[in-house]
Every structure is written in C-alpha cells, then in structure tokens.
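Heads up, there are several structures right after this.
Look for chain A in each of the two complexes below; its partner is chain B in the first and chain C in the second.
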Partner chain A sequence: MNTNLKISNVTKIYPGCVANDNVSLEFNSGKIYALLGENGAGKSTLVKILSGVIIPDEGKIYLNENDLKLNSPLDAKKNDIGMVFQHFNLFETLSVFENLIIDSDEERESLREKIDSIMRKYNFSIDLDIPVLSLSAGQKQKVEIIRCLIRNPKVLIMDEPTSVLTEQETSELFLSLKKFSEEGILIIYITHKLKEVMELCDEVAVMRRGKLVSVSEIKNENIESLANKMVGQNLKTIKKKKEKTSSDQLINIINLNFISEDPFETNLSDINFSVNRGECLGIAGISGNGQSELFQVLSGEIISDKNSIEFNKNYIGDLNPQERREYLMAFSPEDRLEQAAIPQMAIFENVALNNFKSSNFFNNGLINENKIKEHSKKIISDFNVNTDNIELKSQFLSGGNLQKLIIGRELITSPDLLICFNPTWGLDVGAINYIHETLIKINEQNKSIILISTDTDELLKLSDKISVIHKGKLSKIMNADEVTSEKLGILMGGGN
Partner chain B sequence: MIIDINFIGLIIASIMASAVPLILASCGELITERSGVLNLGVEGMMIIGAISGFALMTVTGSLIIAVFGAMLAGVLISTIFAFLTQTLVTNHVATGLALTIFGIGISAMIGKNFVGIPGKEFPVLFEGLKDIIPLLGPILFGHSIVFYFAFALPFITSYFLKKTKIGLIVRAVGDSPESASNQGINVRLVRYACILYGGSMSGLAGAYLSMIYTPQWIENMTGGRGWIALALVVFSTWNPIKILIGAMIFGGLTIIQFHMQAIGVRIPVQFLTALPYIVTIVVLVVISRDSRKIRLSTPSSLGKSFHKDN
Partner chain C sequence: MIKIVKRDQPSRAIFFLTPILAIFLTLVAGGLIFYILGFKPFEALKFFFIVPIADKYGFSELLLKATPLCLIAIGLSFCFKSNNWNIGAEGQLTFGAIVSGGVALLFYEQEGFYILPIVILAGAIGGMLYASIPAILKTYFNTNEILVSLMLVYVSKLILDYLVVGPWSNPEGFNFPETRQFSDSARLPLLFEGLRIHAGIFLALAAVVISWFVFYKTYLGFQMKVSGFSLKTAKYAGYKGKKMIILVFLISGACAGLAGVGEITGPIGQLHREVSPDYGFTAIIVAFLGRLHPVGIIFASLVVAITYLGAETAQIFMQIPKYTGQVFQGMILFFLLASDYLLFFKFKFIGSKK
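And now, the complex of A and B:
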C-alpha cells in the first residue's frame, strides 16, 4: 500500500527564534527523501513534530489523508511513524532485549522470534542479552532501527544517522534503508552531509533558518548546488597546500601505555608516534576505540610515565594540563559543553579558566576582570564568534560559535601544538569551513596539530600524516596523500 | 554457662526482628531510587509511620486500621516530596532532608499525648509450632505478619524489577528519563508511583517499630534507622537480596554487641556501638565490588530532576 505523508503549514516559534516558518511538504512511499539543512535550520524541530516530541504552534500533519494529532511520541508510534534520533533513545544499562520489549505489547517469546526474523532478514547480528552500553554506536543504531521495525512502520525517520558511524557501517545502513524503501516504507533522511544525500536519496528538501528553501529531485542537483542552497551563499572550497614540512621534531610519544580500571574504557597499548613542526597528524578511528583515552593522555587529564611524552625536548608525561600549557601545548576536547567549557559560566569566565602564568588574569588571588574581558573581546573578534556580549553564558552559544571560542581561547596564546578531538562534530558547513581554515592557518605558521577525528573527509583534507586507532592500538603512520578513505575504512574496522 | 539451643534460636529471631524495619524501608527506597529519585526523607517518613500507627491503634483500637493508616501516612508525606520534586522540580537532596526534619518535628508534636501509653499486643502466626522444632522453631514461627512480609519483600522486589514489565519500566526511567519520555513512558507518573510506594514501605517500617518491635511511642524512636536503610540501598548497589544480607548483618551485630556489653566484654562501648555500622559497610562494599555490575545496577539518573520541555 502506498503511504502519503503531508506536512501542512507547520509553524513552531520559540522565544527569539522561528524554528519552523510555515513549512509544507509532501512525501510518498517508495522514495527516500532527504531533509537537508545546517544546524539550527529547523529540520530537527520538524522531525520532532513528526514524531510527537514537540507540538507545533500551527499546522497539520496528514498520513494517508488522515489528520494526525501527534501530542506525544506514543501517538506517533500508534500511527506507524518510527523515528531514530541522532542521540539514541536507549537505556544503556538494560539489555538489548529489555530495550526492545519495553514498549511492545507482545509476549517475550513471540517478540524474540520476531526480532530474530528481522535480524535475519536484514543481516543484523546483535546479541540480545548483553547490556546496550557494551554495543558499538553502529549496533546501537541497529537496535533503534529494530525497535521501529517491530511495529511495521509506514514511515521511518532517520535523524543524522551517520554522525557516529564508520564508512562501512554507513554503507551497510544505506543498503538497509534502500531495502526498507523497496518494501514500501517511506524514508525521511535528515542530514547536513551533502555526499550522503547524493548517494542515497531520491528527493531533497532544503531548509534554511526555519524556512523551506527548495524541493527538488536529486538528479537535478549536485553537491555545489545543494551546498549553496543550504548556506544561502557561495561557499569557497578550501584546500590545504601540501608543502614539504620540516623535519624538526616537536612531540615524540614513546611506548605510551594506559591501562584503565574502568571496564568501559579502552586500554592504550604501545603508542609510538612523533609530529614535526608545521605538521598535522590525523588520527582516524571509529569512536570508542581509544580516542578519548588518547586525548586525555596527551592533554594530561590522565597522567602517564614521565618519559613517554617528549615535547620540545622536555619529558612531560607526568604533567597535568595546566603545566603542559606552560610548555605551549593547547587542547580542544571533544565535548564542548562538558569538557571544554562550563555551560553556566559567562564567556569571559570560560576564557579565564584557561589561565596560565604569563596571562596575568589573576593578581594575588584576585580576578583581573578588565584584563580577562579585554582578552575575551579580542578572541571574539579575531575568531569570528558571532556575539558581542562576553557576559553571555556559554551554553547559549551555538555549537559552531562555542567551538570558535574554544579554539580561539587555545590559539591566542600561540601554542606550538594544538591537540583537538572531533573539532567540527555536529557543526554546520559554515562553521566547519571556518574551523578548517583556522587549522590550516596554524600549520602555515609552522605550528603543529594532532587531530583526532572520526570524520574521514576532514582528516584527509587537513592531515599531512594519518594513522588509525583501533582497539587502543595505532596503525603505522602513513602520508596523507597516499591514503584513501577506503583504506582508512578497512584499517578502522581492524583489517590490514 | 550452658547455652540452650533454643536460646540461640531466640537470638537469631531477635536479630531478624531488628532487621525488619531496615528491610522494609530499604526495599521501598530501592524502588524509589531505581526510578531515579533520591529521597533522603526515609527517616522522616518512618517516624511519621511510627506515630501514625501507634496513634491510630490507641484511638481506634484496630490493628488493621493502624497498620494501613501508617502506610497511608507514609504515602501522604511522600506525596509532598513527590509534588515538590516532580511537579515543582525542586532539588531531591534538599527536599528529602527537609522531609526528614519535618517528619521528626511533626511526629514529636502529635506524639506528645501518646507518651507513656502502653501498646497493644500484636498477633503472631504459627505460635504453636514454635516449640516443636528445636532451634528452627523460634526462628521460623511465632512472628507477626509484617515480619514474614519483610523477609519475602527482597525476593518480591527482585522478581518485580527483573521479570515484570512495570519493573522494567521503572529501571528504564531510572536509566534515562529522557529516552523513556521519548518512548512514550510517562516519567512523572512512574516516579510519583515509586516515591509513594517508597513512602508506604517507610510508613510500614515505622509502624513495625512502634506497634510490634517495641510497642510504645517514644519521641525520635526510629533512632537513625532511616539513614541506615538509605545507606543499605547504596552499599547494596541497588540489589534487594544484598539489602537483606546487609540488614541481617547490621541487625545481628546490633543485637550481639548488646549481649557483649551485657556480659561485660572488655571492649570500649563506643567501639561496640560503632561496630554494626562499620562491618555492614565493609561487607557490602566487599561483596559489591564488581564495577561492571555496579554500573549496570546503578540508576544513572539518580537524584537528577527531569522536566519535559516542549
């Protein structure tokens, strides 16, 4: 049976921002639709309305001509709309099976059979009786998909599904989605990744600042045309000039090991690498393979053996992040709001947190507010942070602006080495471009970067050398221009 | 000194009796905490249960009304907590502490007229079987219905959490209220229910103290048992069976150290009094050190307020 989903004149207004401005769209089963837009364009709001999480101020949703009243997620489920959120809605400490049975009315036995048959049909293999927290991100997503499939949905909405997946997992996902679509499930795919839209979808709707900008068929579009619609201006493509870098070694990691007491962390074994001045070393890998531990060891959040890290001819393995900063290292952690900044504190206070001896932010234990504010203003203007209020709490900055602030805070001390972890995760194209340009500029000033990232394209674009981390071990270090994303994908999966 | 085998039986029975209020209150609080709510008002709810039970028994003369009235009193006072923390989204810790202070104060006020009044005898079951089997007789038989209920409760709680749909929902809410809400589970309703259930069990624990264990009203008669119950929940890593073990060790050492003091063992009294606390915590920490299991049974959202935004 054909499914027809219609969004009619939907408006949702938040204080200070129109998240959805009179959006009307129509979808038919048999096709895969892309909903494309930058962060904050309103696509998440729209799908949350479709899944009953948010109630629109105005407008209606029709499924096969029936007016749907979606007042709660339960209503969406009852009306055969399935949704896989970007942030998984799973219960980490419950087993996979418990996660699946919780909203099902079926008996244990029959549900188990049903799940088994779904897994067989789509070639999923997941142990149903282990807790969800021991699954990889890709497996967790499969659990979410199975949860939707159990209900035989007419509509399946995927919200930024590939942000946590590897190349292989992504292509597996695409195969599954195409299969679902052939079986008559209407698929709406939300993303800001243009490549994926071109590869997977049949039709694309572009949103910008809450408004629907265009609806068109993929065959009439290309990456540039979509990018320009999305951003609303012509984007320049940036490219790194791959020059011959110096052979002057800046940091040298020697037989670094880390054994964690937490069974959910990854142990690092025998990490060896070095980075020269002016060079960017990219570290690729599927998230959860030791990146976060490696970042913590490099930044000094985890202290290691003194001799395992040699920086600028000093052994600094046993120093904490503050002390490492004195040696001109800088850090941009993965989680902007949890690790890099304190959300409830003002911008200038967050800037002051990164204090080091020569900064003069504090005199005799007193805060030198003027100095800090002056410094913060400089960061905001130098690094294009889109606000002029340095008293603003940092939680109210968008991801892109916060990342610019953090990178700015780290760079204004002109460090010799910047270590960053997923610096553009979840950012929109404009912000990503800016961050990438900034990172390239650092290299041009003969400063070095260690870039830990799960985004292969980003790594290939910015790195001079690349290594892959898998289960806490680094692969051999390769020259970036000899590496393809396919090769990285194989290494990330543990192959050779 | 000849030790009568039945005397040992009686000591064990008295240890079990002293563990009853701890088991009841802990198992109730365990359900509350498993849903992600930290209610530090156990002591307050217990003492309210104690005075309510005793007062109703004295006034109405009915033990049934008194027992259920005490549970209802626990429910009522926990409703205040639920309203504050779930509807008005106040801080769990501060609200729980306030509840305890409130409970102790109001129970003392109500209890003024009941000081010195003797309690009633509470009927016991299987009295006749007590003397038939040596040792086991006094342990197994001749106890109140509340006693038997308390010893069944950890197993019922464990079964409820592991095997039933509602138990699963409670755990899910405690793990991630956001996800639960997105799955269409009414988080507030679940948490309200768990808080009220915890209140009823604390009320029953209090009633056991004032009506069965020491049938009389004394101001502040819970004497910190509510806090012990809270500690048991945490140190048992939210496992009902370990609560039973912990409560028995605590009850056992409390009784034994009394006997040791009575015999005149030459250990400082202060040390003996502290002994149950120390040993219980040490034992529970030792039997619960598997960090993977702790991670799996700890309610991740414990003590965190949840409010749905639209």
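And now, the complex of A and C:
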C-alpha cells in the first residue's frame, strides 16, 4: 500500500527566531527522502513536529489524506510514524528484549517470535538476552529500529543516524534502510552529511534558516550544488572593508592538544594557528566537531600547557579566564542562558561577571555596587540594549538584547582579542546585523577576533582568514577571498 | 477541570510562601497520624506545639534547641548556596565538640577569663578540620562530598565513643561513659538564673549577621551566588572553584563545630556519648525550610526546634514515642520538597468547554 505524508504550511516560532517558516513538503513511500540543512536550519524542529514532540503554531500534517493531530509522541506512534533519534533512548541495564517490549502490550511469546522474524528478515544478529550496555553503538541503533518495526510503521524517520556509527555500520544501516524502502516504508533521513545523501537518498529537501530552500531529485544534484544550497549564497549586505591587515602577530597557538575524559566531548589534536592584529579568523564546522572544546581551551575554562598559547608575547596557556582577561582577552560563549549570563540575576549583576581588575567592581572583597551600576548603564547605552532598567533580571531581555549586553560587557574593557562562539545563533536579523557591525568595528580598531561559528554566511562575511574544524582537527588556514561556500561545505563534511 | 501549567519563571512570592504551606501541611498530616493512632488530633497537636513553649522555661528551652540548629544551618547555607552538598554537619559538630572538649579538659580545675575563648576557638577549628576532609577529597580527588561527609559522621561518633569510654573517661566516674565536668571558666555563661539558655545564642546571632553580610555584600557571596546558579558560568568568569569549595566547607565546619561547643560547654558541661540529638542532620531541613536566607533560617530553626520539645512533651503526657519528633521533621522536608513543585508549575482552572 502506498503511503503519502504531507506537511502543509507548518510554522513554528520561538521567541526571537522562526524555526519553521511556512514549510510544505510531500513524501511518498518507495523513496528515501533526505532532509538536509546546517545546524539551526530547522530540520530538528520539523522532525519533532512529525513525531509529536513539538506542536506547530500553524499548519497541518496529513497521512494518506487524513488530518493528523500529533499532540504527543504517543499520537505519532499510534499513527504508524516511527522515529529513531540521534541519541538512543534505551535502558542500559535492561536486556535487549526487555527494552523492546517495554512499551508494548502484546504477549511476550508472540513478541519474541515477531522480533525473531524481523531479525531474520533483515539479517540483524543481536542476542536478545544480554543487557543493552554491552552492545555497540550500531547494535543499539538496530534495537531502536526493531522497536519501531514491531509496530509496522508506515513512516520511519532517522535523525542524524550515522553520527555515532563506524563506516562499516553505516553501510549496513544503508542496506537495511534501502530494504525497508522496498518493503513500502516511507523513509525520511535527516542529516547534514552530503555524501550520505548522494549515496542513499532519492529525493532531497534542503532547509536553511527555517525555510524550505529546495526540493529536488538526487540525480539532478551533486555535492557542490547541495553544499551551495545548504549554506546559501553570501548575502553581503554588510561588507567588510578588506584592508591590508598588519603582520603583527597577536595570538599564536602552538601544538595545542586536548584529550577529554568525557566520551561525549571531542578531543583536539595538533591545533596550530595565529591571528594578527586587526584580523578576524573564522573557524567553520558542523557543531560537535570540537568547537566547544576549542573555545574553552582558548578562554581558559580548560587549562592547557603554558607554552601552547602565546598571547602578546606572553605564554598564557595555564591561566584561567579571569587571569586571561587581564592580558586583554575577552570571551563570548555560545550558550547565552547557561553560561555567558545568568538569567535569574539582574543585568548589573551579569555585568559583574567580567571582573576586569581596573573596572574596580570589587574592592577588598566587597561588592562596589555603584561602580557596577555605573558601568552597566554605559554598556546599555553604548551597545543599544533595549532597556533602561539595569535591575531587570536578564531573563526578560530578548536573545538579541542579551547578546548585545554580553558583547558589550566583554568589549567595554577594550580587549585586544575577542573570542566568540556562535554570537548570532538564534537571533533576529536586526540583532544579527548589529552584532556583525560591532565585530567589524572591532577589527577596524586594529583589534582581533576569533570567530567560531556554524553559520557559514556569517563567517564569509566577517572573516579575513578561515579554517574548518572537523573531528577536532583544523584544516589549513585559507584567505577568506579564496574560499567559497561550496568548498567550506565539503571541508565541513570531512571531504578534501 | 484543573490543568497544570508551567510557570514562565519561578514565582518570588511562592518561594517564601511554600515553607509556610509545608508547615501547614505537616500539621494537617500530623493531626491525621495522631487521629489514626487514636488520639484527639487537636489536643495532640496542642501538646506537641503549644504546651512546650507556653511558659518561660519552655521558651528558654526552645531557644536552646534553636541555637545549634540555626548556627549549623547558617554554615550549611554557605555550602548549599554554592552547590556543595555537605551533609556531614553532624560529624563536624561532633569533632568540634571533641577538640573543644579536649581543650576544656586540659584546663580542668583551672580558672581564667582566657579559657573560654580558647575552648570556643578549638571547637571551630575542630569543625573546620573535619569539614576540610570532604572538601579536599572533592577538589583534588573528585570524590563525592555527599558520601564522604556522611560517612565521616559515623567515624566521629565512634572516635567520641572511644574517648569517653577510654582515655578521657572520668576517673571518679564509676565507668560511666563520660568525661570530667569542665571548670566554670570553660563553660558558656547562662543568661538567666534557673533557665538553661546560654551565651551560645549570641554566636548564632553573630553568624546570622555575618552570613547576611557575606552573602549580599562581598565578592565571595557574589561568587557563591553565581556558582549556585551555574557552575559553567562560574568557570567562564574564572572563579577559583577549588578555593571556594574549600572555603565554604571550612565556614560550614566552623559553624557546626561552634554548635558542638555550645552543646558541651552550655547545658551539658562535659563530653559524653550523645552530644547532639542529630542537630547536624536536622539543620539540613532548617537550611532549606529557611530558603538558605539568614532571616528565614532563624524562623525555620525556631519551628523545627519545637518538634524536639513537642516530642518530649508528647512522650511525657501522651506516651507517644519521642521519635514522633523525627517524623514531624521528615514531614516538613517532604512537604517542602513537594510544595516546591508550585515554584515551577501553577494550577489553572478551566471551565468545561465541551
């Protein structure tokens, strides 16, 4: 039987960001569809809408012409939509079989037969009676897939399924997915990996900034064309004047390595680069490739070997962020609400988080509240933060205003180097432009920036030099003029 | 129909109202338990909460019990505010009592104004030393401070046991497990003739004032606040996390140690096996019931102190086991945690539409 899934005019708005902007798509069984896009493009939101985790503000979902009301993941299950998430939802200490039957009310014996026949059919070999924790990532994924298959799904959605798999496991997965497709299951495959799309899928829908950019057949596309669509053309509304930058070296990273104890973090290996005064170095990459670790190593949240970071002719690799600030560095982390600011605290208290000594926020261990407030007022007016109440809790600022406050707090000490990580993530266009203008201004004042970002447009717009981080390694540093978005897209996906 | 809706932000008013709601619910549930046990609930509650503090002596006893609770809870609030889970105040109290008791015994049969300050200081240092163990293990060896501080409680109680039975036991004490009586110079003075309330209450009040100042006026207080909200932010701001962890443990240990001093140099006047009826554990409830706020902790310590007195009264007049006091303490914490749900969620009453 043919399955037809239709997404009709779906819109989902978060405060300060349109995650899905009037998206309409149609899928038919027998084909494998790719949903392609950068981080933050809106594909996860769309998938969560399909699986009932998020309820859209507007728009409808039709399955075989029936209007679906997906108010919870349970509704999705009932309507034969199966979903395998990027992170496994399994009970590690329970056995495979227990994990499979946990949300089913069928009898154990008949279920076991059913599971056995599914495994025979698709050539899965997993011992049902061992605990899940002893399985490999690929096997765990198979357990998740079997859990969907038990319910005879019409639609199977795979969210970035290969991020944890080895090459071998990936090709096994592709074989199974093709088989499912032949059986008549409609498959939607979410990814940002271009190679996989080319290898596996029949049709591809590209999303960018919440909008559906294109729908096309794979045979009409190649990696370059898809990369281009995914990343978007450069919108050079704000143009940086490319002056000759100085050759005066400000920061030099020498053979920096970081090995994490946390298996969910990325190790950094042999990072080498330098930034001159007045220069902006952009670091591109798909998130989760070591950006967060790199930021923390640069900011001093993770301390490294003293000699691995040379800043202004001082070796500072072993200093913490506060000490690095005294050498005129400043930092704007990615996570505004959990790291860069504390939402439950007032604006002026958040300003005091940048304890630069000569700001005199704290004298002899006491809080100098007047000084902090005076300073906060200056930041608010200098950086266009849209409020005049510095006692306001910062959770009431919009994302854009909060980011202006954070950037203002970091810049008010006139640092020589600003390191920022996704500074415009989730902001509206006005705030993005403001932040971009501010960053350009910093460069014009002969101060430097390291811009770690997953937004390629932003990088091409602001950077003088660009490098790509992939699996904790930096590519060679390229001049921004010579780089195209296609080339970045390929490097970001691990190509050459 | 009633619907539960998430609040946009935790409500400030509810933040201070839930402790009162928790106390109210505890009274209701307590009354119910008394009823099931076959007592008249109102009468029982009266014996529990009103009779004990109806006279001057009772009120003095209330303050006597509230003093260590308040002192320890103030110390704990330094830890809890900064995301350090020291639950071994009972052990720090015991060890503080051991050290100060040891010093007091050194001055046996001596008199002098200098003795008491040395004894008090010894108690604070004892508590700090004992609290430094979980702190150092946490900062340098990544151990879990909850487990370490808790287990050390039993160690300290066994050390005390050994000392009062063995080397420190009173030679003229007919083998009772207790030391000699301290000399008067090593005792905290009583405030009123005939009442047991002693000068230790000033230590508690001083702790309240100092903690308020530190929390709201100093850089340390600011760092603790930030660390309490987000350790990630504290790290990003470059606060010296390890130093702060050790400092808050030392403060909290000193307070617990002082509470120990108050017990042995106040009403008891010697070391024996039971220096504290679990004040160190009960103070955890006090700290949370008082919302980790110095003034809140004063009120909370008074409320919880009544459960100690009430349990004794109820045992005498109604033959209810005194452990009922612990039941009430448990219920307060239970209902407090439960009503904290209201901080983040609210009930919405919706008329039936269909």
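Everything that follows uses one rule, which is that the second predicted complex is superposed on the first by the 260 of 496 C-alpha atoms of A that agree within 3 Å, B and C clash if a C-alpha of one lies under 4 Å from a C-alpha of the other, contacts with A are read in each partner's own complex, and residues count from 1 in each chain.
Criterion: contacts are C-beta pairs under 8 Å (C-beta built on N, C-alpha and C of every residue); 3 or more make two chains touch, one makes a residue touch a chain.
Every value quoted in this text rests on a predicted model; they were computed, and no experiment measured them.
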item	value
Partner chain(s) touched by A:94 [first = chain B, second = chain C, both, neither]	first
Which of chain B and chain C A:150 touches, first, second, both or neither	neither
Chain B versus chain C as contact partner of A:73, first or second or both or neither	first
First, second, both or neither for A:354, with chain B first and chain C second	second
Touching partner for A:407 - first (chain B), second (chain C), both, neither	neither
Partner chain in contact with A:367 - chain B first, chain C second, else both or neither	second
Chain B versus chain C as contact partner of A:323, first or second or both or neither	second
Chain B versus chain C as contact partner of A:212, first or second or both or neither	neither
Contact residues common to both interfaces of chain A (with chain B and with chain C)	none
Chain A partner contacts - residues on chain C that touch it in the complex	9, 217-222, 225-226, 229-230, 232-233, 235-240
Complex interface listing, chain A residues touching chain C	299-301, 320-325, 331, 333, 335, 338-342, 344-345, 349, 352-355, 362, 365-367, 393, 395
For the chain A and chain B complex, residues of the former touching the latter	53-55, 72-74, 77, 85, 88-94, 98, 101-103, 131, 133, 261-264
Contact set on chain B toward chain A in their complex	165, 168-169, 171-172, 175-176, 178-185, 291-292, 295-298, 300, 310
